[in-house]
């Protein structure tokens, strides 16, 4: 009943505004690039040193020297620029990136996020996630509302090691759009056909439901 | 009887070693570039953003966009590079510049230097001097041994506001070459025809004279 | 997203009395001539100007000094300007002198989101007065804060409609650093190329840092010290 | 002054057991392939490697891991490497994970003579354990120290005999920062141009930072994630 990953990306794409510089994380966030609304020009930043990321190359035109932060072969666009990793995180820290979209394992009702480490499992590293969540002024988390075992990923407190504290502003899941407010998760929209009751059940952190909650629109 | 400014520069040029990156201050230090020994390749750094400073341009070839830190029109050489002021002082702070030559109003026997401000007179600013003296690992001061009133510029303590502390390693004046040691000014060489007695008279800080003091050689 | 403006007047339209400006350039090399002319024309007052130098009597920031538009200069070297000296001695003008590398690095810190940096420049001198001193590996460093400027006015050689900038020779100097540091960055360029007209490998300042861009006019590019040699 | 060496073996001749190395690259993009091959051939051990990633099983730093030459990795992300995981779990290999921006900025700090920097990355997380936290303007920052590496091994696109370097596309990544940070910096380049063959405006790393340079051979430039689209 909930959204597909593509639909989550599609809903997040509606948050893009003309002129935004945007950093998209690996996974669902990457898909957002496929749904940028007509007439909205955004510039994609890849933290390995590129502004103005284009689509994947046409077969046979891959360039090993031109990859994104997910190590995928990509292309440039008119107006692209390359820079080193210090400048890349410099512009991120300086708040020049307007929107960051990334995945999460858990988000707390204070806006803390955990997405890099599961105790007891091989830890691969935080990559640029800690820099991004500590620096970006506007962060949207794209994730499933519950984990594969059915447990809520929206919690009073994160149980996993944190990636960043009090930094998440908005969450788009397969069943809901929520703002993180000082008072908890504020429910803004529900997925088509998903009831407020279901969202309540699947949200373990404090959920604020005020008035009528509209269904998400996709056009 | 003492050296001319050109001769001071000529004597300092003998301190240059092949492969050195060198920053030359305004005044006598600039003249050092005219006496670089045969077979010694040095690269001149200009702190406004150039490595590989060449000579003045041929008349009619001046480029307003190509100046040195003294705001003089200059040229580049094969192998030159341009960079911004932060990188310029970055390489200075990181100790990548092998030798800095600059003028001074006073030097103390501890190696303190004063060369930017005279109380009661219009203060123009320290420019890059404070960065250079605080960062360079190897600094030679080029100056007259006494001021226009005949007072020694080599003092137990500087009387003028400091540019940097405990940073000067060597001094070349119109009458002497001296190292700054933990015990005071060690006399190394005297100008042709200048007696050790005269140097003693004109040095107000502690002067160490050990053994025979040779005359400077210029070839 | 349209960063291109027609001219300097439009570019600086929201610069008002009392703001903090950064102005690129070293001496008269690489200064934002068009933006300065527009500021003089607009007549805004009580400006705080962060700039390595203060121009000469009749050019660069000197033109703003003539009109008494500057309340405070934050610079590393302010010679070659008689009107400057007069205003300073009469108390009309306030001056804060900062080591050149500190000035540059405090700009960079702002553009790189670093609230403060450590530098040895000025340790043990009057520049250290009132500042936090910290020893690393046996050497004293001063804690110096990132600048917080309302506008940065910079001059580049080439630029594109995305705001990407390329500088020429030593006209680069403070310009890229200030471009990255301004809350609003206004770039004037000698040549505004079409979108995609710059090689992404050669860009010195990525457009994300630049808010407005225009092609400047009638660059005078005055030389302060014309030094030449004879043909050999 | 001659910075040009014949080949990778000569360039790394004085890299001995137990030193601290920086290795440029992001994933397998822009890694110093020739220098790594020479290190594997030389068989030096107990290396500490500062590098954003640790290669894959049979390429990049993975080749050094196979030979058990690495004592410690300092990286931001170390996936895609089974041998790495085996050595880590068995305790043969030590790993220090650092946020990517912190890693980059600690390299830059070394090249810019800044003993430490402040970054918000990791504040409030386990990365902050034991570190100094400082609040600027209401936000917490960690004090992070500049790296101190014995050698930096970097890969550039073009270089000249003075050691000036130009990088291509996203193969730039950590390379310029590490080039500036190494006590001894060894650059391998795809094309070594004659002296003066590079435009001084286009140089990413000035030669002052580079101690040895050589033209590399047989670049494989392996792609980790080949992603393509159909012709439209």
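Per-chain residue numbering starts at 1, and chain names A, B, C and D are given in the order in which the chains are listed.
The rule is simple: a contact is a pair of C-beta atoms (placed from the backbone, for glycine too) under 8 Å apart; a residue touches a chain by one contact, two chains touch by 3 or more.
Everything quoted here is computed from the prediction, not taken from an experiment.
Common neighbours of chain A and chain C, by the contact definition above: D.
Each chain's centre was taken as the mean of its CA atoms, and the one lying most distant from chain D is B.
If each chain is reduced to the centroid of its CA atoms, chain B and chain C end up 29 Å from each other.
If each chain is reduced to the centroid of its CA atoms, chain A and chain B end up 56 Å from each other.
Chain C and chain D have centres, each the mean of its CA atoms, that are 33 Å apart.
Residue positions of chain B touching 2 or more other chains: 50, 76, 82-83, 86, 90, 92-93, 135.
Shown for chain D are the residues in touch with two or more other chains, namely 105, 112-114, 119-120, 167-169, 200-201.
Chain contacts here follow an irregular pattern that is not a line, a ring, a star or a complete set.
Inter-chain contacts, as defined above, occur between A-C, A-D, B-C, B-D, C-D. Residue ranges of chain A in contact with chain D, taken from their complex: 46-50, 55-74, 76, 82-86, 88-90, 92-93, 112, 122-131, 134-135, 161-166. Those residues of chain D lying in contact with chain B across their complex are 1, 110-114, 160-162, 164, 180, 195-196, 198, 200-201, 203, 206-209.
Of all residues in chain D, those touching chain A in their complex are 26-30, 52, 75-79, 85, 88-89, 97, 99-105, 107-108, 119-127, 157, 167-177, 204, 221-231.
Taken in their complex, chain D has these residues touching chain C: 105, 112-120, 136-137, 139, 141, 166-169, 200-202. Partner chain D is touched in their complex by these residues of chain B: 18-19, 21, 41, 43, 45, 50-52, 76-83, 86-87, 90-97, 135.
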